[in-house]
């Protein structure tokens, strides 16, 4: 199966669904991570282009931990909008990766517009991926991909409908995140008092307690027509 | 009374509120159907302009079944956005039809952005229709129209607050939809495995079972200030 | 049409749906008010039996303002439970009044268990009123009555789905409530800082502002099978 | 795996989750159906004991269609309450059937208190089934069973979180329901205008349209501690 | 503490959170009011520029009642969109006022897009105010401001999570609103049948009844990462 | 101020609001913990009376850590119901402790009926505590206490509306819980795979991440009439 995570910034996929992506990869699915914005505001001191390039390389390295491919859409960090270009870029990412399952942000999160717009547009365009009259570089998909929303940042306002046991891949998730050296160091601690490495442990453990396992990640499936949403496509 | 259905694509009004429109028409209300996009992606083989023109004629024919008028806004299929042009076009549709009641898409549907943006903008601009300082071809309305949301595609996530008994007009609804020959044939079955003629029977019957009649359609009224939302303006 | 309000305490029907009941009565419907508990805790000084009898007479006088009948179920104030006796008493009230429409408390209110249990049980037993094998003094109804929930006390957590314009009957509502002399005087002001006469003015005006008229009352219909819930049975 | 459906009346399990039970059975799981009340009001003319016995035999026959066992709890129809006896009976049903998965009514349905109390208590006692200090005929379970709520009657207010494709077992579902001869004949048509055989077709088809298959049934998992709710236990 | 109200039109802050702003001011906090659009459609007869200028002066006068400062963003009334310019303007308003608390519109209101977009964008950009790589005239904030949503117009669909007792500042609120002479006169009565001075009395009294005081205003805090949302920053 | 936690079992208060209780106590408020059931099923081997007595002593010891008083209501573990006796016992607990604030379980939790009934009844009877005609050992309260719901077990389905920073009292919370030796040892690990000491760390840290502090606990205030719910009574 072909799995595509579409997230707003470099490191988002790792933080919010890295254990699930690793589990897909481990069982042989083809995993792709699309990063929508270039992360260029992610530094207190480096100029935009420089930090963006650093983060792109970190994202590639993180993807490599599980043998995933990276698609870099390169939109401007913090200034993503729902435009024709955004829609077509995300359609193309789905087509290029031949996505059958898409993991993306939950559109009701109040955290950051890059997240909500990524989630909203990714679900919005799923239905367009199979339409011949919408032309992008890759050919139309044969089937509309199934969309799962990953949890909101810090789980605020989010109650998972489905849980994935990531006990066996939690270390891989940690390794993936650790590749984002520019983000897991002092910058986010200074900026937000947040420590990403500890945060993923707490949240995975919290979702684990909720779902009766050691570590877990939570999801809500997008219930939209016309998609085959019986069964579960989570690993 | 003047009733305006504002829907995203040719055939949406017929599928989701055709029985109610027919009931309005049957009792003597003036019914108008506004189609926001041109439906140009709605074919596996025809070029955009050709299928758009075919669908416009089908929409006119469907409207004629109940003596309704058609307003064709002509926005690009699958690429509707909330812009000044979109807002003004919909305001003008409301003014031109002297709308007292508006039926439009439910903004929380996860199906397609043309639907959600049509529903969102239609409700958003209702309050602007009476404002003299917003100028369009037709003069301002005397009263803000009342907005009802029609159900989401396949009813996903939607619980009607009000039901209309369409037992007596269900056949008219079928006749309206049948005019959309380009859509009720093989194309959507191939594309989505969906058969629109059967779908409207199942959904009308399902809403009928829920509401204790043979066939029904479901709605949620937009509860927004300052509108007279006492009583019901549904037929 | 036969309308039955089933409320927890004497004065509840007047406060929360008195304007609507008056409107039903004014247009010729037969209105009955069932008071489930005896209101015996409703005094800072009088013994239980005495205040209960005073309140029963006040309830009769209030009902008479609009020509309504009173059914006094006499359950213990503040100690209502969902028991066989409670269910059968409410079934009998519906049958005796030949109820086609029932107005009762909203079961999700956090105010007082007499309210929530009255609302819950009244909706629960609606389906039993037509069943021959459930025997009470009056014969089974021919049709399951339609249930509307009146708003929570002070409207907390409650968003009406339907509004009734009570501008023309608001004075009747005031007259009805004024009959509850034991309650609209100092006792509730001392006990709760609440002034029922002012409260009904504020709330009716607030619901009026929301719905675009002078005075209004708000309702949510119980959407339950198998009932004909198309159209509206509100006046 | 051991699957237990706990429903309020004879025929409820068949109507609301019969296709899923048949699918479990077909793949080799052990299926048990527990009927909580005796269905004694389910006739316009027969005395209570007689119709109850008829329905018990029908329930056994329906269960036999898929090789399921029947547990008859025998509580009074329409007068189920949350009591110690109710809790212990349902615990014992779970223990006797060694339930690992429980399908039961959705507690927020407004249809009938037998349904809501069955659903509420079944979820409530799941945690007690493993407790040694709560003694019933059968020994404690080793693990708390996972609870799924089946949909409300007529789907009112219910949005499934998970769908099961029952295309291959829909005919078995029809055969199961057909065994309830006393209920699928004229009585419910006269009483409620409802035709159970048609209703299951409409609802299965409606859920099928929503989920992209021919026939489906919908569920919501009870998300409660401490249960392993990762993955899915639906067939 | 520095408090910033960001509202769509001149008079919105006064109507929906004026009592709370006055209470902040009274206890010594620094209050700023940012008006996002120019209110240019707010007259039945005056040309746009003229009424916009009148309203700007009214807004200044209203702010002065409580010693607050006014920031006039000057976007086009009824045509606000989520653009880079909108985001940067609101970021700059937060930075210029050194906002620690932001009061803004509730994004789920169905009243008017200027309101929902103001609320949405104000919450969206809160996280950007501290980012060095996002440059506006004023320097980045040291801490992400806490966002509270004020209630929807007429309270439709809104249930406050926190209430502020404004009994002592209700008169100040009235004085603030009275400065908007162009709006509290006949225009809105003719246009919408609404009387702003009476409306604030009814709504403050309604929220007061709900929360057990004479006059109150209601709020919902935006629960978003990474913000310190313990305790309460309401006065 | 007088604070009363009313929880279902010995150790519930410590686990779900111990940090907040410690914070109240630390600043000088009088804290009481009422334990509704006797915890008699809380052992794999001990007879009911013995384990109940052990747990009562543990509860006293835990309360003593913060100088709180313990009220032991002694209802049967796992068999709590909403009865007159339950209501009167909880009223008396509120009166005896002169409660101004009550912390109790969230009634929508799906975990265990002792929890939901404790939460439901505690909120239900708050309004009865001041009524002279409801007689218990202690005199009526002067004012209805304010009720806060503590979070569901494992936070399932629960989104806090208010957070309390318990960083400074988290160690006290740990000390309180550690007194429940019969529960924090092997029994619950064997029974449920749960380790209470670790769980409180994970959950407090998770709520801390959500709310921007080290450790936090989350609450939802019961919004019910007629109570003064302005401001916050949380520490």
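Lettered A, B, C, D, E and F in written order, each chain numbered from 1.
Please note the rule applied: a residue touches a chain if its C-beta (ideal position, glycine included) is under 8 Å from a C-beta of that chain, and two chains touch if they have at least 3 such contacts.
Everything numeric in this text was worked out from a predicted model, so none of it was measured.
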item: Neighbouring chains common to chain B and chain D, by label; value: A, C
item: Degree value of the rotation bringing chain C onto chain F, based on Cα positions, nearest 5; value: 120
item: Listed pair (C-E, C-F or D-F) duplicating the B-D contact set, over half by residue number; value: C-E
item: Distance between the centres, which are taken as Cα means, of chain E and chain D, whole angstrom; value: 52
item: Approximate Å spacing (C-alpha centroids) for the pair chain B, chain C; value: 38
item: Centroid distance [mean C-alpha coordinates] between chain E and chain A, Å; value: 35
item: Chain D residues counted as touching two or more neighbouring chains; value: 154, 156-157, 159, 193-194, 209-210, 212, 223, 225-226
item: Each pair of chains that touches, named by its two labels; value: A-B, A-D, A-E, A-F, B-C, B-D, B-E, C-D, C-E, C-F, D-F, E-F
item: Chain D to chain C touching residues, read off their complex; value: 40-45, 48, 51, 78-79, 81, 109-113, 116, 152-154, 156-157, 191-194
item: Chain F residues touching chain C - in the complex, by the definition given at the top; value: 82-84, 87, 121, 123-125, 127-128, 130-134, 144, 222-226
item: Residues on chain A engaged by chain F in the complex (per definition of touch); value: 154-157, 159, 193-194, 199, 202-203, 205-206, 209-210, 212
item: Contacting residues of chain D [partner chain A, same complex]; value: 159-165, 209-213, 216, 221, 223, 225-232, 234
